Amino acid sequence: MDGCPPRVPITAEEIQVELDRRRPGQSRITTRRDEADAVEILSGVHGGLTLGSPIALLVRNTDARSADYQEMRTVFRPSHADFTYQAKYGVRAAAGGGRASARETIGRVASGAIARKVLAAQAQVEIVAYVKQVQDLAATVDSGTVTRRDVDANIVRCPDAAVAGQMIALIDQARADGDSLGGVVEAVARHVPAGLGEPVFDKLHADLGKALLSIPACKGFEVGSGFAGTRLHGSEHNDTFYAENGRIRTRTNRSGGIQGGISNGEDIIVRAAFKPVATILREMETVDANGNPATLQPRGRHDPCVLPRAVPIVEAMMALVLADHFLRQRALG
Amino acid sequence: MDGCPPRVPITAEEIQVELDRRRPGQSRITTRRDEADAVEILSGVHGGLTLGSPIALLVRNTDARSADYQEMRTVFRPSHADFTYQAKYGVRAAAGGGRASARETIGRVASGAIARKVLAAQAQVEIVAYVKQVQDLAATVDSGTVTRRDVDANIVRCPDAAVAGQMIALIDQARADGDSLGGVVEAVARHVPAGLGEPVFDKLHADLGKALLSIPACKGFEVGSGFAGTRLHGSEHNDTFYAENGRIRTRTNRSGGIQGGISNGEDIIVRAAFKPVATILREMETVDANGNPATLQPRGRHDPCVLPRAVPIVEAMMALVLADHFLRQRALG
Amino acid sequence: MDGCPPRVPITAEEIQVELDRRRPGQSRITTRRDEADAVEILSGVHGGLTLGSPIALLVRNTDARSADYQEMRTVFRPSHADFTYQAKYGVRAAAGGGRASARETIGRVASGAIARKVLAAQAQVEIVAYVKQVQDLAATVDSGTVTRRDVDANIVRCPDAAVAGQMIALIDQARADGDSLGGVVEAVARHVPAGLGEPVFDKLHADLGKALLSIPACKGFEVGSGFAGTRLHGSEHNDTFYAENGRIRTRTNRSGGIQGGISNGEDIIVRAAFKPVATILREMETVDANGNPATLQPRGRHDPCVLPRAVPIVEAMMALVLADHFLRQRALG
Amino acid sequence: MDGCPPRVPITAEEIQVELDRRRPGQSRITTRRDEADAVEILSGVHGGLTLGSPIALLVRNTDARSADYQEMRTVFRPSHADFTYQAKYGVRAAAGGGRASARETIGRVASGAIARKVLAAQAQVEIVAYVKQVQDLAATVDSGTVTRRDVDANIVRCPDAAVAGQMIALIDQARADGDSLGGVVEAVARHVPAGLGEPVFDKLHADLGKALLSIPACKGFEVGSGFAGTRLHGSEHNDTFYAENGRIRTRTNRSGGIQGGISNGEDIIVRAAFKPVATILREMETVDANGNPATLQPRGRHDPCVLPRAVPIVEAMMALVLADHFLRQRALG
C-alpha cells in the first residue's frame, strides 16, 4: 500500500478486526474452510503510526487443500476463471484457484482498514455497508443512520432483522441443495467533504464503480437512483438545493451524494450486484483443456452466498477510493 | 490520445462520421443547439496513417450562447455540477457549464473513432451500442446480430422498430412538457479475443464500468446478467462450456463475455443507466452561492433525452478500453 | 496540462514571455528560422485564473519549410532520430523532423510557465538556469544570488560577463564553420521547502534527472557535487548540519539540496550536459532507408549552439517536477 | 513486481545468485555486516515459470543491530536522510535507517533478476556493469566484449586487472582511515533491438537515468559521450551510418546506442556517479532534532566503497527499464 499519509495511528489488531469480518468459517452460512488470516505488518508502520513510506502486509495461506483442486488442473470449472486464465497466460496455478481466488480480497480488506483510519482521523468520514438483497428478499434500511453494530447484529449482515431471518433461511436451504445465491450490497459514506472527484474520467462514482466491480463475483454497480432512476422524469429526479445553517444541501439525494462526478457533501450511496457464486456442490458438465467433454463432481467446501463476507470488502474498496480522492483534493491546496 | 499503434489508417472524415452521430441538432428529438463539431487533426497522423506518436485533435465551440448561462454565474442549477465545482475549485467558468459540459464527450468520441480502427484492423472486433430502454419502454434486440445500420435506422437509435416509435412519441411528449427522460444503453463487442483484462483491479468489466460511468448522466453499469442475475441460483446462472470446431465456448452467456475479469471470447455485453438529464424547461427552486433562495427560469435549449446521442459515446468508451487491453495483452507476447 | 491547482493567476502574456526566451530567431547566435510561437489558451483558465481542470495550450507552426526536409524522406541524418523513428514505428513524418523536432519543447516551456506560477504563488520557490559551460569555456556563477536579469543580460545567457563574451565569439566561429557546439546548463531552485521527493524510485533528483535528460540533445545530468564528487573522500564530502535561527541547515551543499532523494531546504543545484547538435552545415556521409550510401548536402538553417535556448527549457522542466512534488507533499497533509 | 510476462522460466536460486552479488559481507572490502538475504517467492511463479500475475518476493532482515542506531533517534547523521525524512514525514523509524536504508535495493536486484530473464529469453539482451572508476583511478574496459566473468574475477568488480589491484589497495586504506570513497559504474546492454524508448518524456535514456539516479548515493548519470561529449564539435560527435550485412549501423557510438530517445541497435552505454558514502568511522559534528549541537561517535560497521556492490544494482535497474520498454514496444504490434 503506497501513498498513505504519515502519522496515522494503526495497529495489526485493527486490521485484524476487519479481516475477521471477511474470513471464511466465521458463521454457519459461510464456507466451512477455516483460516485465521492473521496479518503481519512487514513495513511502513512504526510505534503504532504509519511512516509515510510503503506499507507491506503479509497474510499466509494455511488451510489450502490442494487435493480439492486436483481436478481443476485438467478441466475448466463453469463461470470460473480457469479457462480465461489459461487463454490469457498459457499457464496457471490451479491449486486454490491461483490468483483468481477470492483470497486476494484479504489484501483489499487489510489496506482498506488503513484507508478507513485515514478517513476517520483526517476527515470524519464513516462508511457502512450491509446486505440489501438476497435473491428476491429486499431489506429496508435507513442509510442515514445505520451503524456497523446494526449490520453485525446477525450473521447475514442485513440490518433489517425480520428480512435477515428470511435471508438466513434461504441461504441454509441453498447450502442444503448444494446451490448458491446472489444479491446486492448497499454502502453509504457519511460526512464526505464536498469536492472529492475529478471532472472527466476519474469521476468519484466512476472510480467507486471500478473498485466495486473489481471485487470477485460483482456484475453491476449503481450510485444514487441508479437503474431505477432511469424511469423517472427529470422534474422528479432533480435534487433541489436549500441552505441549512449556512451549508448548502439537497432535499432529496437521487444523486447519491455525487454531482458531475464530484461529492456534494450529502451521503454517498452505492450498490453492488453479486452473482450467485459459481462453485456449487452439484455435478456439472464442462470440457477439459483439449475441449473434450468432462464432468465435474461435487467436492470441497463452498460458500452458498458470499454477500455477508462481501460487506467488509465493499467497505474496504470504498474507503480506498475515498481516501485516494481525499488526498488528491488536499494536494490542490 | 497517447499510445496508439503506428500505421493504423485513419482520416478526419472517419472521425467526423462518429462526431456527427454525437453532435447536437442532428434530429428533432435532440437539443436544437446546432454545432458542426468539425474535427482538425493537429498531430500524430501523416499520409492517412497514425505515426505512433501522440495524436492531438481539435474541435472548436461555435454555438455557445454565453448569455444563456448568465444566470448560472450566481445560482446553482439542481443536479448539475455548478455547486460541486464551486466547492471543489473555489472558481468556475459558468458559460456553457465549463468543464462539466457534456461537450467534453467530443474528445471521447473522436479518440474512440481511432480506437475502433485499431480494434477493427488488428483484432476484427466490432462494437455496436443501441438504446435498450427509455423510461419504461424496453426494446427487444438480438445482441449477436444487431448492426449499426439497424441502430441508425431511426432517430432514437433503437433497433426494435416498434418500440422505437413509442420511444420517439414519449420523447416528443417530454419535450412538449419541458421535461426530460432517462433510459438504458446496451452495447455489445463481438470477436473480442479471449484473454483481455487483468486479474485483480483492472478487470475488463471494471475498466468498462469506470469508462461508462464517467460519461455524463450515467448512474449505473452492469455486465452480462447484471442486477437481474442476482435473482438466479448458481445452478441456473453458470455458463456451461462446450467445444465447437476446436474452440471452447459457453452455451449461455450470463457472464457477458468476461469471466474472472478476463474476456472468454464470447460477446461482451454491457448496459449503462442514464438518468433523466437535469436541464429541463421548467421553473426550479434553488439557492445562490450565498445560500439564498433563488428561482431558475426555464431558458435556453435542452435535450429531452440524451440516450440517442449517448450511443456513440458508449461505443467510443468501450473501444478505448478494449483497445487499451488489447495492447496490454499484446505486450505479454 | 493536468493537475494544476485552481485559482492560480496566469495569463497568455506570462506564458508568452517564457516562450519568447525559447523561440528561434531571438538573436544572431540562434537559428535564423523565425517563428512567433504565439500561444493560445484553449481551456482551463478563466478570468486570469486557473480553473483546476485540464489546461490546453495551442501554438501553431508557421515557418516550417518542408522543402528543407525533402531529403530526409529518403536518407537518415546522422545522430538524429530519423533512423530510430523508422525502426520503432515503420512510418514517420519527415517534414520538420516530426515528433522528434525540438519544437515539442514549446509545450514544455508553456506548461512550465504555469508551474512556475504555482511554485511562486504557493511556495515562494524561484528557479534560475544559465549557461555554465560552452565547449571548454566554463563560467563562474554564484548560484545563491544569480537572477534572471543577470542571465538575460547577454545573448548567450551566461551571467559571467567576461566568459559570456568568449562564448559568443566561439559560437560565431562555429556558425561560420557550419559546425556546432555543446555545453552545460546549470540550474538552481531556491526556497524549496524541505520534504519534497519520494523515498525510493521517485527521488527528487531522479525525477529532475529524467525531466532534464528528456530534453532533446541532453546526454548527462548531475546533482550537487555530481561526477566531481566521486573524487572526494566521505570525510570531505559530507555536509555538516548546524542550526541558524531555529532552522536546520548545512554548512556546505555537496548534496545539492537533496538528501536521500528528499529536499533539505538548501538550494537545489543541478547540471545538464548538452551535446553539440547534430544538424551542421557540412556535407555528411550516411545511408538511405535501404542501406545504400548517400551524402547529405548542407542545407536549411541551423542552431550552432542550443545552450542559450535550452535555458528556459531546463527551467520549465525543473518547475514542472518541483510543482508535482510540491502537490504530492501537500496531499500528505 | 507487476507486468511480468507469463511462462518465463525463473527459480529462487537464480534470483539468489544476483542477491549474493549485492549482499554485505561478501568480501573484505565491503561492510562486515553479514546477511544471507535469502529470497522466498511468495506468488506469481509456479512450477518454475512466471504466471503473468504479480510476483511477490520476500527477504527478511536478520542482522539488524538496532543498538547501533540508537543514537540516530535523536541526532541527524550528515548527508544521510535522517533530517529530510523527519522534515517530510514528521516521524521516522531510526533503526537501520528505515526506508532510507540501502537494504531496499534487495528488491531492485531480485526483480531485476526476473527482468534479465525476460530480456535474455525473449530478446537476447545481455547486460554487464562494472566499476569504471574509484576516486581518481580509472579503468580501461572494452564495453563491447566484457563479460560477467571478467567483472567477478576480482572483489572490486573492475575488469581491468591492473587498476583493480590499485583500487583494492585504495579501499583498504580508506577502511583503515575510517573514511569512504566514491566512483563511477559503467554498464553496457548489448543486442538491444532498435526501437525501444518513447519520443518525448519517456526517452529510453531518460528512464535509464531516473532508474540509476534513484539508487542510493548516485549523484550523476550520463549516456554515450555524456559530459565529455560537450567538449566536441558536432562534426566530431556525429555517428556516421553505414550498412553491414543488411543492417544499418553507426561507425562510432557517441550516442551510446540511443538517438532521439530511442535505441538504435548499437550497444547502450551508461555511467552512474556514486558519491563517497556518508557513513564513516570518524567523529562528526551535527545537530539533534531540536537544532542543538551534537557529536556523532564512530560506531557500527561501514562500507568504505559501495561501488562493487552497486554493480548488480545498476544491472538490475537497467534490466527493469529495458524490459519495460521492450514490452511497451511489443504492444505496438
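A, B, C and D are the chain letters, set down in written order, and residue numbers restart from 1 in every chain.
Heads up, the rule we're going with is that a contact is a pair of C-beta atoms (placed from the backbone, for glycine too) under 8 Å apart; a residue touches a chain by one contact, two chains touch by 3 or more.
Since the model is a prediction, treat every value here as computed from it, not as a measurement.
J.: Which chains, if any, touch subunit A and subunit B both?
T.: C, D
J.: Taking mean CA positions as centres, which chain lies farthest from subunit D?
T.: B
J.: Quick one: subunit A and subunit C, Cα centre-to-centre, how many Å?
T.: Between these chains, centre-to-centre, one finds 47 Å.
J.: I'd like the Å distance between the centres of subunit B and subunit C, where a centre is the mean of that chain's Cα atoms.
T.: 41
J.: Can you compute the centre-to-centre distance for subunit C and subunit D, using the mean CA position of each chain? Integer Å is fine.
T.: 26
J.: Any chance you could list the residues of subunit C touching two or more other chains?
T.: 6, 52-54, 88-89, 99, 199-200, 332
J.: Which residues of subunit D touch subunit B in the complex?
T.: Of all residues in subunit D, those touching subunit B are 3, 5-6, 52-54, 122, 199-200, 327-328, 330-333.
J.: Given the complex with subunit C, which residues does subunit D contribute to the contact?
T.: 76, 78-81, 83-85, 87-89, 99-100, 104, 133, 135-136, 174, 179-184, 194-197, 199-203, 205-207, 209-211, 213-214, 216, 219-227, 229-243, 246-248, 250, 254-256, 258-265, 273-280, 282, 284-287, 291-293, 329, 332
J.: Which subunit B residues qualify as touching subunit C in the complex?
T.: By the definition above, subunit B touches subunit C via 6-7, 42-44, 46-47, 49, 51-54, 58, 88-93, 98-99.
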